[in-house]
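Pasting the structures here.
After this come two complexes, each holding chain A, first together with chain B and then together with chain C.
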Partner chain A sequence: MLKNQAAPPATSQPKPGRQISDRTLSQLFIWPTLILLIVINIFPLFYSLFLSFTNYSAIANRPPEWIGFANFDRLLNNDDIWGYFALTGRYAVISVGLQTVIGFGLALLLRKKFRGSGVITTLILIPMMLSPVVVGLFWKLMFNPSYGIFNYLVGFTNPATAPDWLANSDLALWAVIIVDVWMWSPFVMLLCLSGLSAIPDYLYEAAAIDRAGAWFQFRRITLPQVAPLLLIAVLFRTIEAFKAFDLVMGLTGGGPGDATQMISVEIYSQAFLGQFRTGRASALAYIVLVIIIAVSNVYIRTLNKVREG
Partner chain B sequence: MSKNSRWLSALMIFALLALVSINVAVAQDGITELTILWAEWDPANYLQQIGNEYEAETGIKVNVIQEPWGSFYDRMAVEWAAQGDAYDMTVGDSQWIGQAVEQGHYLDLTDFLVSNGIDKTVTPATLQYYGEYPAGSGKYYAYPTEGDAVGWAYRKDLFEDPQNMADFEAKYGRPLQPPETWAELRDIAEFFTRPDDGIYGVGVYTQKDYDGMVMGFQNVFFSWGADWSRDGQVMGVVNSPEAVEALEFYKGLYQFAPPGTGNAFFAEMNDVFISGQAAMIMNYFAFFPALINPGVNPYAEVTGFFPGPKGPNGDQFVSLGGQGLSILSYISPERQEASKEFIKWFAQEEVQRRWAAVGGYTCNINVLESEEFLTNTPYNAAFADSMTFVKDFWNIPQFGELLEPAQTYLTGFVVGGEGTAQEAMDNIAEAQHEILVDAGVIDG
Partner chain C sequence: MATIQLQQVEKKFGNVHAVQPMDLTIQDGEFVVLLGPSGCGKTTTLRMISGLEAVSSGQILLNGRDVTWAHPSDRDIAFVFQFFALYPHLSVWQNIAFPLQAQGESGANVEKRVAEVAALLRIEHLLRLRPGALSGGDQQRIALARALVRHPAAFLMDEPLGALDAELRETMRAEIKRLHIDQHATTVYVTHDQIEAMAMGDRIVVMSNAVVQQVGTPAEVYHKPNNLFVARFIGSPGMNLLSGHYTDGIVQLLGSGRYPVPESWDRALKARLGQHGTVIVGFRPEAARIGASGALAATVYATDMHGGYTMLHLSMEGEGGEIIHARANRREHFKIGETVRFDLHPDMVRFFDAETEVALEEVR
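So, the complex of A and B:
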């Protein structure tokens, strides 16, 4: 500083040029998130789309080679893949169906407050807070025919004749469904509870004055009022069911044979497990994505109709 | 600043620069650390112990990085794909070698091993399966480090119980003793299967996820005279009558396995043995140290071991386990040389003797034949015997693809009871034939 320069006043106003406009501020907040999304989501999405048209292997030490629709052609003409899709569909329908019924039922039971209802609700919610891998591992122990508790609970008290749920091709899928229902029914219950609590009491009071029965009240008041939230729960659970992976790997590894080889497990097998067919696995992942988008669209259209109607 | 202090400052700066330049020179020329990637298991701890001895002798620190078995291959494969230099060496699985060599991940160690005479110090079978690629080429890419094979553990207290001995002899017309043939093993398994007492005859590998089922079945498959290919052919070989018969036999054995072992591999085998559920189990020898530890196994004092039995025509083979130590080709020439120095040190007979003493399964001929090794543990004699009749799955780059149909159809039939043995082997043969034709390994 020059000696003859006057010192600035102690309470100087900030220069107008240094002020950050609202637009700049908002961009400062948005861009880091956008960059993160582009790097972590958007780029891999498009890059994997590109890879699905190549014969790329992540460990082959050679660049991707364009092969057009060959991966899709091979996958869609493979009976095993269609079998895995059918299996995943069956799993999704049964599992989500049971979760909806049980979750909704639990919500109806817990709708009215009673002593200890808060504690019971919290306890019921615990399974969905656990890691699916951990759940898979401890249910594997519970399903063990020798020392697992599950067979005892369902009435098979003799380990010598009790079913081996995870080693039986006819039962393995049901074992996975049972664990999925146990884990995720509370999620459906939670959404239904919030829907039920939003129904105004005067609707039921008016129905009671008109001498409407319990079944009529349920069909004409409860169900239509909860339906939007119930459909959202079903939508989320259906998407998750199509992506079922960690629970299956923890319980059966896709076996025995291919009895529980869900489509996500098949993608994993193709992408890793010594195969590293990255291109073909990407193509299969895109086929699954298209199916999930289609199914979600059906749900969303139904949801909109319910809301309008 | 005075003239003197200016001189002093200049001198100090000069001295500092000189020190820094000396340090840089040391860091560039001298390797102070070597990193080895291996699976997470006891032998890796033993290697770390040996590595600590190397550090004490040379000042070069050896780090053995351990990755769980489930993700070991993935971690290595990702490192290969990135051509990374995070690891100097890996103790890689025998099945990886084809892929690692063909894709240039492993350094050619032929001249190094031959010129130092290291190739002559290990058993030919281990050098062939852990180090050589392609088979019979005389090109080596790994030093056989951890020899391993599938062996058997059994409950001596049950076998030596007078009542059991009398009952068995009365029923089968021969004394109750560790089996020498698969037929004898089956009879013993049947004899000890007593669900009401909570005990079963035999524990066998059935795991679906990676290669467990194949590694278990191969012991029967090879001993029945079957193979994964013959004269460049798969069709008619993989689904040969011997192969089908072997599969039916393996499924028969599974009937005598403890319930809940439908997706079982090495950990589950030890579990059912330690919990007293199985009279006999198959397992890699590398997992047997736990069975002689009374703190882990309540039957440790009465646990015996025997090698894989013979098939109906006298053929005797067991699935190969174990790994060889390879140098990764993406590290600097200095680190490659330092890694070779470590292997040279490690391959010395005296070091191999210590490696065996701490629990490692040496492949050194002299150590394997020594009385000290054979009597060091109750299973070492069976191990040394087994290493003379080991046989492996494919080790070409397509091994992972070839495993997948084998795992699926074998578990489907053995565990899930799907279809027939003939159908399972036909499906495997067809799928493997297609993979090998696509890869140009065999003619269509």
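So, the complex of A and C:
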């Protein structure tokens, strides 16, 4: 070992004074965001967990009182709540199912480039770029039985006999589903398109040589190759469907009666209508959270299985 | 089993010819190699035979049946791709079974045929794996197995060894040749590697610039190249080519060498050129016979030891003396700068027209 090696020349040392070190600089960039996150995300997350074990009401002028699992007990023993869960589940399955089929179908149609395919793709993507509240409001106009265009387009040309989609408790759920499918099928299509374009041509050449018919090619090459992205689309859409709120509020506000009272709308009703049961609303929100995490886990496991095969 | 006939088959991309109109008949059981530098149209030709590429004009017959516009699946051919084109999401077994299942073969039959072909290619231990987990050589074996399993009428192979490293290439080359001998199936094989072409082909189709330059056995294209392109392209190094002026039985080479023309060639040159004219003399490195009495002289420019023989690189005497290559016995030693005299084996010398670059015919 060499001893007494000369120290490296100290040429590039910062001048003392008003210089800020890189470390300080990075902290300055990070902390504002962190503080914002803590105040509006992390703190409410834990505070609402605490509230879910209390009888707190945001309008009552008294501090939260610890009542243990009473909120959960009441919620889980309430048939109405179970009904809203079932409704949300039905909505999620039908809506996401339709979006998957329509979105994948559109992607297959738009897969081959043709004159104007770029413009058509962009036009199809417009619905998912709009604000859900805006979508809800203008579909409300379109569903209107006397002057809305929707009935006219689907063939009910006489306003006297045409159905009032949003006021009919059998049709209201379907109205919400139609709008959700209209708005979000393009999202599924977008993911499927990117999945389809990633399939190399030579696989289809090999399949042609191997004498595979169109259906066999679709089943054995296209579908398994797109499956990972298709599942991601389905995962995103399922989570969103379980949280369905803005679109429903814009269209029906949960009505008529409770025909479209999705679980998120119910949370809103508990928290901000009538008695402002903040504690119980928090408890319900946590139940929904647990369900969404569970469902997502099932999907992610399936996704990993598809990827590994 | 199949014969393949190309009649005036042509491929144009816009106004550019990828393949000029070509005729070719491939006999049943024959192993034909399409050989040429990249961009010469050999792969396009193969893809037209397969049906993956449409012809611009001309006809393709398979066993006498016109398949010019038939879909690849209606041609009963198998295609081995350069980069294997295995189905990445399927296991090796599923990859090999794919063509059988696509035809709706029964489960038991699929099991049996996959097992047979796996045994033939010694890949039984790989059947459960995914292609991504395999080496290049094994992936190409799987691709071969997938081609073989259907017992197609003909095999088309597009540089199947191009993506493998040198050592593996030798092994796989032998395996493919052995398979061809066992199966005796008509095979069209594309490569840019002339050594591979010489080693494997019953016949070689040399292509360049979208044009077929020569069709012949490996010996024919090696010893009797049709033109200067084939002479240069085949062999490593290619044929030595020296231009010179023919006068009355003697070719005065550029520089100072004087080469007395063998009698049978003298007649040919006279017939073509009259009393005198410009000509190109061609000879393979092994046609040079080094000896003190040789008619030609050159100085040693460099020597390579090749194990079995020594390759001499000689600089011809005189102005702008060209570098030629000659094979010498490995026991002889040559110093750089030393003058060497040599003769050409009269049976192994060729002459080419200096203008058209086409080979002259010997007159016996």
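Convention: the second predicted complex is superposed on the first by the 273 of 309 C-alpha atoms of A that agree within 3 Å, B and C clash if a C-alpha of one lies under 4 Å from a C-alpha of the other, contacts with A are read in each partner's own complex, and residues count from 1 in each chain.
As a working rule, contacts are C-beta pairs under 8 Å (C-beta built on N, C-alpha and C of every residue); 3 or more make two chains touch, one makes a residue touch a chain.
Computed from a prediction, not measured in an experiment: that's the story for all the values here.
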Touching partner for A:L203 - first (chain B), second (chain C), both, neither: second
Greater residue coverage of chain A in the superposed arrangement, chain B or chain C: B
Contacts of A:A259 with chain B and chain C, given as first, second, both or neither: first
First (chain B), second (chain C), both or neither touched by A:R211: second
Chain B versus chain C as contact partner of A:I221, first or second or both or neither: second
Partner chain(s) touched by A:L130 [first = chain B, second = chain C, both, neither]: neither
Where chain A meets both chain C and chain B, residue numbers: none
List of chain A residues in touch with chain B within their complex: 58-61, 143-148, 159-160, 162, 164, 166-169, 172, 249, 252-259, 261, 269, 272-277
Partner chain C, residues of chain A touching it in the complex: 202-203, 205-213, 216, 220-221, 224-225, 309
Residues of chain B touching chain A in the complex: 73-74, 77-78, 80-81, 83, 99, 103-105, 195-196, 198, 206-211, 258-263, 277, 399-401, 403-404, 408-409, 411-418
Residue ranges of chain C in contact with chain A within the complex: 50-52, 71-73, 77-79, 81, 83, 85-87, 89-91, 98-99, 101-103, 130, 146, 150
